[in-house]
Amino acid sequence: MSSSFEYRRLDRNDAAVLLVDHQSGLCNIVGDFSPDDFKNNVLALADSAKYFQLPTILTTSFEDGPNGPLVPELKELFPEAPYIARPGQINAWDNDDFVNAVKATGKKQLIIAGVVTEVCVAFPALSAIEEGYEVFVIADASGTFNQTTRDAAWARMSAAGVQLMTWFGAAAELHRDWRNDIEGLGTLFSNHLPAYRNLISSYNAAKS
Amino acid sequence: MSSSFEYRRLDRNDAAVLLVDHQSGLCNIVGDFSPDDFKNNVLALADSAKYFQLPTILTTSFEDGPNGPLVPELKELFPEAPYIARPGQINAWDNDDFVNAVKATGKKQLIIAGVVTEVCVAFPALSAIEEGYEVFVIADASGTFNQTTRDAAWARMSAAGVQLMTWFGAAAELHRDWRNDIEGLGTLFSNHLPAYRNLISSYNAAKS
Amino acid sequence: MSSSFEYRRLDRNDAAVLLVDHQSGLCNIVGDFSPDDFKNNVLALADSAKYFQLPTILTTSFEDGPNGPLVPELKELFPEAPYIARPGQINAWDNDDFVNAVKATGKKQLIIAGVVTEVCVAFPALSAIEEGYEVFVIADASGTFNQTTRDAAWARMSAAGVQLMTWFGAAAELHRDWRNDIEGLGTLFSNHLPAYRNLISSYNAAKS
Amino acid sequence: MSSSFEYRRLDRNDAAVLLVDHQSGLCNIVGDFSPDDFKNNVLALADSAKYFQLPTILTTSFEDGPNGPLVPELKELFPEAPYIARPGQINAWDNDDFVNAVKATGKKQLIIAGVVTEVCVAFPALSAIEEGYEVFVIADASGTFNQTTRDAAWARMSAAGVQLMTWFGAAAELHRDWRNDIEGLGTLFSNHLPAYRNLISSYNAAKS
Amino acid sequence: MSSSFEYRRLDRNDAAVLLVDHQSGLCNIVGDFSPDDFKNNVLALADSAKYFQLPTILTTSFEDGPNGPLVPELKELFPEAPYIARPGQINAWDNDDFVNAVKATGKKQLIIAGVVTEVCVAFPALSAIEEGYEVFVIADASGTFNQTTRDAAWARMSAAGVQLMTWFGAAAELHRDWRNDIEGLGTLFSNHLPAYRNLISSYNAAKS
Amino acid sequence: MSSSFEYRRLDRNDAAVLLVDHQSGLCNIVGDFSPDDFKNNVLALADSAKYFQLPTILTTSFEDGPNGPLVPELKELFPEAPYIARPGQINAWDNDDFVNAVKATGKKQLIIAGVVTEVCVAFPALSAIEEGYEVFVIADASGTFNQTTRDAAWARMSAAGVQLMTWFGAAAELHRDWRNDIEGLGTLFSNHLPAYRNLISSYNAAKS
Amino acid sequence: MSSSFEYRRLDRNDAAVLLVDHQSGLCNIVGDFSPDDFKNNVLALADSAKYFQLPTILTTSFEDGPNGPLVPELKELFPEAPYIARPGQINAWDNDDFVNAVKATGKKQLIIAGVVTEVCVAFPALSAIEEGYEVFVIADASGTFNQTTRDAAWARMSAAGVQLMTWFGAAAELHRDWRNDIEGLGTLFSNHLPAYRNLISSYNAAKS
Amino acid sequence: MSSSFEYRRLDRNDAAVLLVDHQSGLCNIVGDFSPDDFKNNVLALADSAKYFQLPTILTTSFEDGPNGPLVPELKELFPEAPYIARPGQINAWDNDDFVNAVKATGKKQLIIAGVVTEVCVAFPALSAIEEGYEVFVIADASGTFNQTTRDAAWARMSAAGVQLMTWFGAAAELHRDWRNDIEGLGTLFSNHLPAYRNLISSYNAAKS
């Protein structure tokens, strides 16, 4: 048997994370997730990046205006990360500092999330695909106005070869094997999946 | 003008909180909220109870079985609270220790939430109404299987005179006036309303 | 404290179950539940009636026509139950045999479910309320064309004093205390609540 | 025939409008309407108040903080209206200036809308009902976090005797008869009901 | 046993039907039903009125303008019915000709449907309730802009004592007993319930 | 400019219609459309086939069993059409008579609809694609159990090159130009699009 | 790294806008958007076309009949634009005047929106793709009967290489960099994104 | 006519079934199906595998922890099946025993279902595609957190060439012809499609 399909699988040694415009103002115009779900998903992705020690790049658009500052949790999680406050470019890939920061990671897999999906995520995702990167958009850590806008954005990106994933799938694909660190991954899941935390609580109680 | 309606308004000096069966197993059969939303709502109610220093009573059903233990966050928040692990009574009001704990608070307003809505919440709510208490069910910190079950439970409780509220409305009604403690209430909201936290972040950034 | 509200609580010694027109043809025009959910809910109610040994009455409308026969599971569960194949009355309460069968139970609480909600359930429910019975409609074992029709039927019945419940709530209210029969109730739940069955499986595995 | 029901009908000579906390920050946490729908509904209510020359009162909560300023359109529409920037009271009815402004209108029917429904609308609505006012909440010009919160708020208000209406129903009830001013009402509808505007365009084109 | 509830049941000898403003323009602003569903429901109600020979009254609002003419099917079905083209009154009950036509029927039960629900249906429904009529609103033959508007309209009418029904429930309650005319009722259902027609087709095929 | 995409456009001279298993029993297990919508869509497609004089082939599966007979309207519309009552083949394309009937039409475009979508429609659609036909599935005249099943079926067919259309789009693409027959197409739309009929009624009334 | 994907990015120097059949009658049969949302999206696209000074072409189908006239706002916005009132062609691309107008723009990127999506938008979109144009359909300024019809239309267009976008994404991609005109783009967003306007209001208030 | 598309059709002689991680804990975090629907779908797939005598492989992840044991029904149905309790590999394809078991079947078509869709299903599906297998994911026997996660997982798998099917479609494609065993297939459908069982009951009753 032969196949023309190559499974481009997330590899913790070859992936970088780009967090685009998760700013307080913009997050409040996200309408395709409940605020609790969206906050959890974004922080879960961020904690995953941290946990897997992936090079992470932060960027913002006009943070000194209505878009608001980067949400404070992200700033605190990545104090050393490259932080590109773009002076005006809507597509982060149009900003040389940003592209240089991406290139400096030396990674060919890019994990992208941001606000809003069809602009701040889709534009650099398409640019990166064009340049030959493997692009994984974390769909549940990327928000936009409503379901219609999301559907159109997903269709455009998917047609271009972007792989749509969610934070949990990405973390699982990066980890490969529970035995690499059972407790670490368990903690990540416990912190961001209330249902999984409940499984752990029930299990521990029954065991004790 | 005259009115036969009396606005029974939550009063921090006359209210107690009953948290019924928020156990790890039972929480995983809740289907009318996303896990993130439900976890946040329950903890927001608990934090509100703490913040307003309302007497709080915890109770569980068969916690040494499939229902699982009380979710650990609630245990930690209320280490001194009466804790009634019911040996079998499904309606907590059928348990004398529970009713005595309620009576010991000396309050006539009862704020109730739990899992599942139509049983663990509705049964004691109806019993308490019958005994003359004013009952406020925190609808978004009470979960059940699905929307249909919820709708029926709400209709039954509402017809009995239960007031349906949500944690945010209860906190606002208890606080009465921001000037009583601007920072305290702001922190409560910031911790449990991501959209409100964003408003604060944007405001502070613009001010600075 | 005083209250004008009386909590009319299901009592296994004072309740009868009326299953109205759960016929194979009619069940296929139910559109407000998935077929799996509806089948499960109806059988869960029937198993509950059996488990609590409540007098149960079966009735059908025109079963020798397009409405089809009573679903076979119900026939098998209640081989001895009064079975009134109504010759034409749409409201079962207009059929003397049916009313006599109800009266013969000597119960004053009637648990009713059927197809379709706004007719086969609502009509006898309203008639029974008028005659002084306490009526509990099992909302999730009663189906109709769509959500709009359901909502209107619920509003009409609720306004008349019908208590809207679901099979799980009814079973819990009838049982009162797990200690009356832990294994029996657990089996009932395990058979009709896949999520609860999962809790049991996980618990037993952790314990073993 | 006799009836105990009195149809409390909106009367342009006896109604005042209370717009509570339609502030830019708070409006961005409304999740039970699309932003376009909500903006349109609020402005449609405001334009109706203007059109029917109803005394209108504006109030805000902490407008110098994260809640943000009153949305500018409302300020512009009612430059002469009483404007009560509440220093801290969450329930506007706890603010004497607000209640005095209401009383000064001399009206006994209060049309209320605001953000968020279960707090800024429900609290003064319940207070006003208690004082004997007839209260009409404009449900589609009042927003809150999500559908669950809305449902609970509506149930609480409805149980207290609040009449739930929408801006279009209120305008129609106030106007009574198209002949009072065909063009005026038509313009109001044309400006805020795109579908009605289309009917007019099609009609005029066919006529010409 | 005694009960304060009186089951006000539709009686073909005591009921009249009021069809309010089912005009071509207005029908196109209905958004809470699919066009196919709404058309079917309205015609099903009309056919029911015809079948049960209930006195039926037609009325329209401004039919020579954007609201458009009465939908032609209704005109054809009731060529002899009183037809009140209201010159301007929004509430049909404000029109003397309409009220006189209602009174001339000598019926005390009024079955009302129309477009839009919260105005053309709710206003005359509330007026009629106030005058002592028993009012049954056919909820699925009454349409409005969206689900939110519908929910508010239903809540207001229900609180006033209006009974919410759907066309199928009304037909069933009027008919009482299939034996009064099996073929007639079967034809009515076959024409307006595709699922029921399928049951008949399958039954006949199996029988043949 | 050049393009590798060829717009395979429905051509009334090169298209045949295959109606697969629209049987009374099977239609009652369709859950992804309301019964009114589905009936209308199927008949609209059938009327379109008739109107454009497209060769049409009817086929059924086990019509002498629970699946029930072909819905009578289709039989009546196409009395002369090839009618293949398949003795057992689930994929109609596995039946030689069916394939021969298709080939006998001499058309290379196949318009397919049926019940259920993922089987009776998808199987012959994929077989036909494999054989080089251009296949157009009429998605709204094809029904299945629920939205999930539909989504999976659409994805499988779309990936294979099936073009997903709806009856209205197909009729419009076949007609090409209103001037070919304004009244004929207008009648088709008026009969199956209540909203379009309303536009016509309003237009005619305004013109008169 | 290399890639076969070319990011075909909207370029204000190489794009034209085609607005197809946004007529008053047709807009009233759109059911996949709320009227407020749809009106806003269409006008937002139109304002964007104006703002970016893109050549814009208007076309209508049978505007002297039930379809109604072009919505007046579009006429006013583009008084000088080519305006092709098609005498009968359903696919605008079948009309030579229309194609010539497109060619006269000299642009190779076509931004298309219209009513209804699967016909008036999809047909010319597929024709243009076939002729080698890059086609961007503005999905939220294109409406149709319901979600099912929309989904099928999107799938067909997407498979053909059409890029699905929304007005906001298109505007952002055309603008490239906020510094090209901060105030202009801000005004466009403020006028058509109520949530963004609120961000601006809050920001300005906090700054002042 | 020619076609580049090959219809890769399920063949009972060339297919194996992989059931991945249907464990009691994991099943309780599934949120994109009702528990009744999901349980039914999984067991329907399992019964189909049994019925068609397809080689079936069971695997679990960490079954001695919070994930819980394999649901007991699957264990009982396949007592002889290869059972790979993976010690840590998240992607079952990373486990040699699992891959060897797959290879040992000698089949080239793999039918995969599991929990959660985007991990336990998608990872081995993509690996198997890469190795040249034909992969059919049973979408309704695979569950995950919510609809958003599901949509992203389906998009990723579909883009890789995975065929999305549901249990009913797979059973129908495997069976090919009812005449191979009418009673056997009928029983399978009767047990897992309540609506189909109703068709059979009605048919048998009418026939008798």
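Which chain is which? They are A, B, C, D, E, F, G and H, in the order written, and residues in each are numbered from 1.
We adopt the following convention: contacts are C-beta pairs under 8 Å (C-beta built on N, C-alpha and C of every residue); 3 or more make two chains touch, one makes a residue touch a chain.
It should be emphasised that the depicted structure is a prediction, and the values quoted were computed from it without experimental measurement.
Under the contact definition, chain A and chain H share the contacting chains B, C. Seen as a C-alpha superposition, chain B sits on chain G after a turn of 180°, to the nearest 5. Ranked by separation of Cα centres from chain A, the top chain is E.
Same interface as D-E, judged by over half of the contact pairs sharing residue numbers, among the pairs A-H, A-B or B-G: A-H. Separation between the centroids of chain E and chain H, computed from CA atoms only, is 48 Å. Averaging C-alpha coordinates per chain places the centre of chain C 43 Å away from that of chain D.
Taking the mean of the C-alpha atoms as each chain's centre, chain E and chain G sit 41 Å apart. Centroids built from CA atoms put chain H at 54 Å from chain D. The set of chain E residues that touch two or more partner chains comprises 25, 28-29, 34-35, 66, 68, 145, 161, 193, 195, 199, 202-203, 206.
Interface note: chains touch in the pairs A-B, A-C, A-D, A-G, A-H, B-C, B-D, B-G, B-H, C-E, C-F, C-H, D-E, D-F, D-G, E-F, E-G, E-H, F-G, F-H. On chain D, the positions that touch chain A within their shared complex are 28-29, 31, 34-35, 145-146.
By the touch rule above, chain H contacts chain E in their complex via residues 199, 202-203, 206-207.
Residues 1-3, 5-7, 9, 33, 139-140, 154, 158, 161, 163-166, 168-169, 172-173, 175-180, 182, 193, 195-196, 199-200, 202-203 of chain F are the ones touching chain G in the complex.
Partner chain H is touched in their complex by these residues of chain F: 25, 28-29, 61-62, 65-68, 87-91, 94, 108, 116, 118-119, 122-123, 126-127, 129-133, 145, 148-149, 151-153, 155-156, 159-161.
On chain F, the positions that touch chain E within their shared complex are 24-25, 27-28, 34-40, 63-64, 66, 68-69, 71-72, 193-195, 197-199, 201-202, 205.
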